[in-house]
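Read from first to last, the chains carry the letters A, B and C; within each, the first residue is number 1.
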Amino acid sequence: MKLRKKIEEEFFKLLMRISTLLVVTVLGLILGSILFKGLPSLTWEMISQTPKGGFYFGKEGGVLNAIIGSLYLSLGATFLAMLIGLPVALFMNVFMRKYQKVVNVIRFFLDLLWGVPSIVYGAFGFAIMIFFGIKASLFAGIITVTLFIIPIMVRSIDEILKTIPIGLLESTYSLGSTKSEAAFKVVLKQCMPGVITAVLLSFGRAIGDAASVLFTTGYTDRIPTSLFQQTATLPLSIFFQLGSPIEEVKNRAYASAVILTVIILLISVLSRYLGRKYIKNKINF
Amino acid sequence: MMDNSQIEISNLQLSIGKQQILKDINISIPKNKITVILGPSGCGKTTLLKSLNRLTDLYSDVKVSGSIMIDGEDILNTKSDITLIRQKMGLLSQRPYPLPMNIYDNITYGLKIKGSHSKKELDEKVEHYLRQASLWDEVKTRLKDPASKLSIGQQQRLCLARGLAVDPEIILADEPTSALDPVSSQAIEEKFVELKEQYTIVMVTHILRQARRIADYVVFMYLGEVVEQGPAAEFFENPKMDRTKAYLKGLFN
Amino acid sequence: MLISRKLKDKINHKWMLLSLMVVIVLPFVLGIGLYLKSEMLLDKYSLWQLITSTEWKPWSGKFGFLPYIVSSLWVTLFALIIAVPGCILIAIYLTEYAKPWVLKIMHPIIDILSGIPSVIYGVWGILVIVPLISNYIAPFFGIQTSGYTILTGAIVLAVMIIPFMLNILIDILQTTPAELKEASLSLGATRWETIKFVVVRRAFPGIVSAIALGLSRAFGETIAVLMVVGNVAIIPKNPLQPGYPLPALIANNYGEMMSIPMYDSALMLAALILFIVVLIFNLIARLTIVKLEKSR
């Protein structure tokens, strides 16, 4: 009887170890296969030039249009989402601190929104475009992606702000602060590392998502010079190039995938670095 | 009611949700003395302290009635700006809550709210208040270091300096030495005795010996009510109520 | 001096309220907007007709959603079958058996995995999983396939939702009170029995809601699945056939939306169905978590 129990336990422990190892292996596999297939085709032209004449037939050019387009889009969307999201998170945790029931309802709503797939936002964005007569453009894309990342931004910042002990707020108020002074001068400073991580996380989601920009940004080979022009984005660039029958173009798709992956990894590293930089003023309660 | 009282609390009732925390509180707190609010845990003394600068506004579901007169103004029913009222009172909490900034900025935070902006003025005041809190010598060479680097005793003194910098008339202290080691605790107690000449001090504590050492006036609370209040000497030598006598028995054992 | 501080406070206050309004109104606007756009189609056919018919011929005015819904269900189901047992095992291992440094290393790994964009997962799917299926797994079952199948989509999807569910499961298991485990052990149970009968049982509602959240995430995932699933609108009879999940339907056809009457309504309806299904599962999952936290 005891032996059987022991065997069972060891069996499952083995399964557990294998599963965990598998997950780590898969990460390595993903990064590895992308780099393996993409690095050979990653030339300087790829990141410094826009597609020239025969690009889609295998000739010269690069994906600079997509890189810059994605950056414009994500920076714009992240900035807008911060403009709305940061005040909401601060409001929930400072101004409305005493109405915990209401705040929890808001959190619930936000969690529901977080789960909505990006393609729904994309379809919705498209519907808005038609309604207002906006054409496919950087602008339409920014609005759609902003809506998509607002729940992510608010809830991640909210999770950080939740941890502020009420004693800190009491001390700040007893010095004569108004609520917004407490929010922006004290709470924000205390949570700066976490807020930066949350913002960068949202930025990462914005730049990597394809479904929300599929309908809304159009596509172009040029770098957009105005908000109301269409723009290329990296995820779509990868997607379209991959669909080509020409080997050369497919390889460039893998190279573009490397570019996107590198950007995402850089964001991850950056958020850890910035987090450490701002942590010196944070008090450990 | 004495005529050198700074704070007059009349008929104060406070409840949170369905629970009544403070029942019929009537207290006079004398000017320029150390008033200690004593009592077992759960008796409402911290809530009483926090209602004096209306930090109780921050609690969910709170109902208050009665009046708290400070310098002739009823702060519970006033139309004045509450942030100004709060600046009249400095708060020292159970554990230090330094602001997430460097030492210098911790002190100037309140100063800037009050309107000082010139560097010369700020520098002078920072030194003045750090000296008052007996912290200057230890930090004068590293004013721009983050406050998080200080020891917990130093942090508490920093919070004291920070509170004094907004020029309050009253200092509210909520068990200010409970997180500190004996040496730092003693430093804070001695500091309070020095400061009472300029400020009115209201301190909550559950340490009878501490109260014995520094109190001028004592308020004894039990289950949300004031059981007995009076000058310290009378209170400790000649307690009138049975409950007080029972509580003080612990002191003499 | 004080006036400008008060003014700042008021402006901030108003801005925050405005932002809050935007956030609260968003889900309703989303749902209503999609519904309004689908009305045209819903006027012509009933919802039941639409989701049970199988013919998708927009130019003849026929919109049968069934194949797409079934594909979505298959892909999601298989993804869960692959991902859930593994996730639970890993979460138990990391929280109960592994040394602390293992969990420390796993955290950044899980974070990186969850940050990888779906198009990259799609590329990886094409590079690694498609050949795997067509060269090794399908022949094993005696089936000839290009590799672009429901199973391929399920595998890619499983890998995508694992980091997501893992974080939730780890959080839930870590909140098991030490006293509970100690009580079980002191009654003579082994480590493993404690885990089976006490820890997991207690965390069961949390596990269910993690699965529900994973399900809704899988159901709505678009690009990665689209790239590997074949995009053939049949009702798949086995996982080694290609499929055409609902999000892929929307993504692939948005170009023709405007040229064929009622096509845009159809795609908006698809988006609305997606929205509602995901919302329902999220609701169930979150409510379960709320109940769980209340009972503590």
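Methods note: contacts are C-beta pairs under 8 Å (C-beta built on N, C-alpha and C of every residue); 3 or more make two chains touch, one makes a residue touch a chain.
In this text the structure is predicted, and so the values were computed from the model without any measurement.
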Checklist line | Identifier of the chain whose CA centre is least distant from the whole-structure CA centre | finding: A
Notebook entry, point to check: So which chain is the furthest away from subunit C, centre to centre on CA atoms?
Noted result: B
Notebook entry, point to check: Roughly how far is subunit A from subunit B, going centre to centre by Cα mean, in whole Å?
Noted result: 46
Checklist line | Gap in Å, rounded to a whole number, between the CA centres of subunit C and subunit B | finding: 53
Item checked: Whole-Å gap separating subunit A and subunit C, where each centre is the average of the chain's CA atoms -> 17
Checklist line | Junction residues of subunit A, two or more chains touched | finding: 178, 181
Checklist line | Residue list for subunit C, restricted to those that touch at least two other chains | finding: 5-6
Next item on the list: Note the residues in subunit B that touch 2 or more other chains, in rising order.
Entry: 84, 113
Margin query: Help me check something: in the complex, which residues belonging to subunit C touch subunit A?
Written below: 5-6, 8-9, 12-13, 15-17, 19-20, 22-24, 26-27, 30, 33-34, 36-37, 86, 89-90, 92-94, 97-98, 102, 106, 108-113, 115-124, 126-128, 159, 162, 166, 190-193, 213, 216-217, 219-223, 227, 247, 250-251, 254, 264, 267-268, 271, 274-275, 278-279, 281-283, 286, 290
Margin query: Considering only the defined contacts, which subunit B positions touch subunit A in the complex?
Written below: 50, 53, 55, 57-62, 83-84, 86-87, 89-91, 93-95, 97-102, 109-110, 113-114, 146-148, 159, 162-163, 166, 172
Margin query: Show me the residue ranges of subunit A that touch subunit C in the complex, using the header's touch definition.
Written below: 5, 8-9, 12-13, 15-17, 19-20, 22-24, 26-27, 29-30, 33-34, 37, 83-85, 87-88, 90-91, 95, 106, 108-113, 115-124, 126-128, 130, 147, 150-151, 154, 178-181, 183-184, 201, 204-205, 207-211, 214-215, 235, 238-239, 242, 253-254, 257, 260-261, 264-265, 267-268
Next item on the list: In the complex, go through subunit A and note every residue touching subunit B.
Entry: 97-101, 165-178, 181, 185-186, 189-190, 192, 280-285
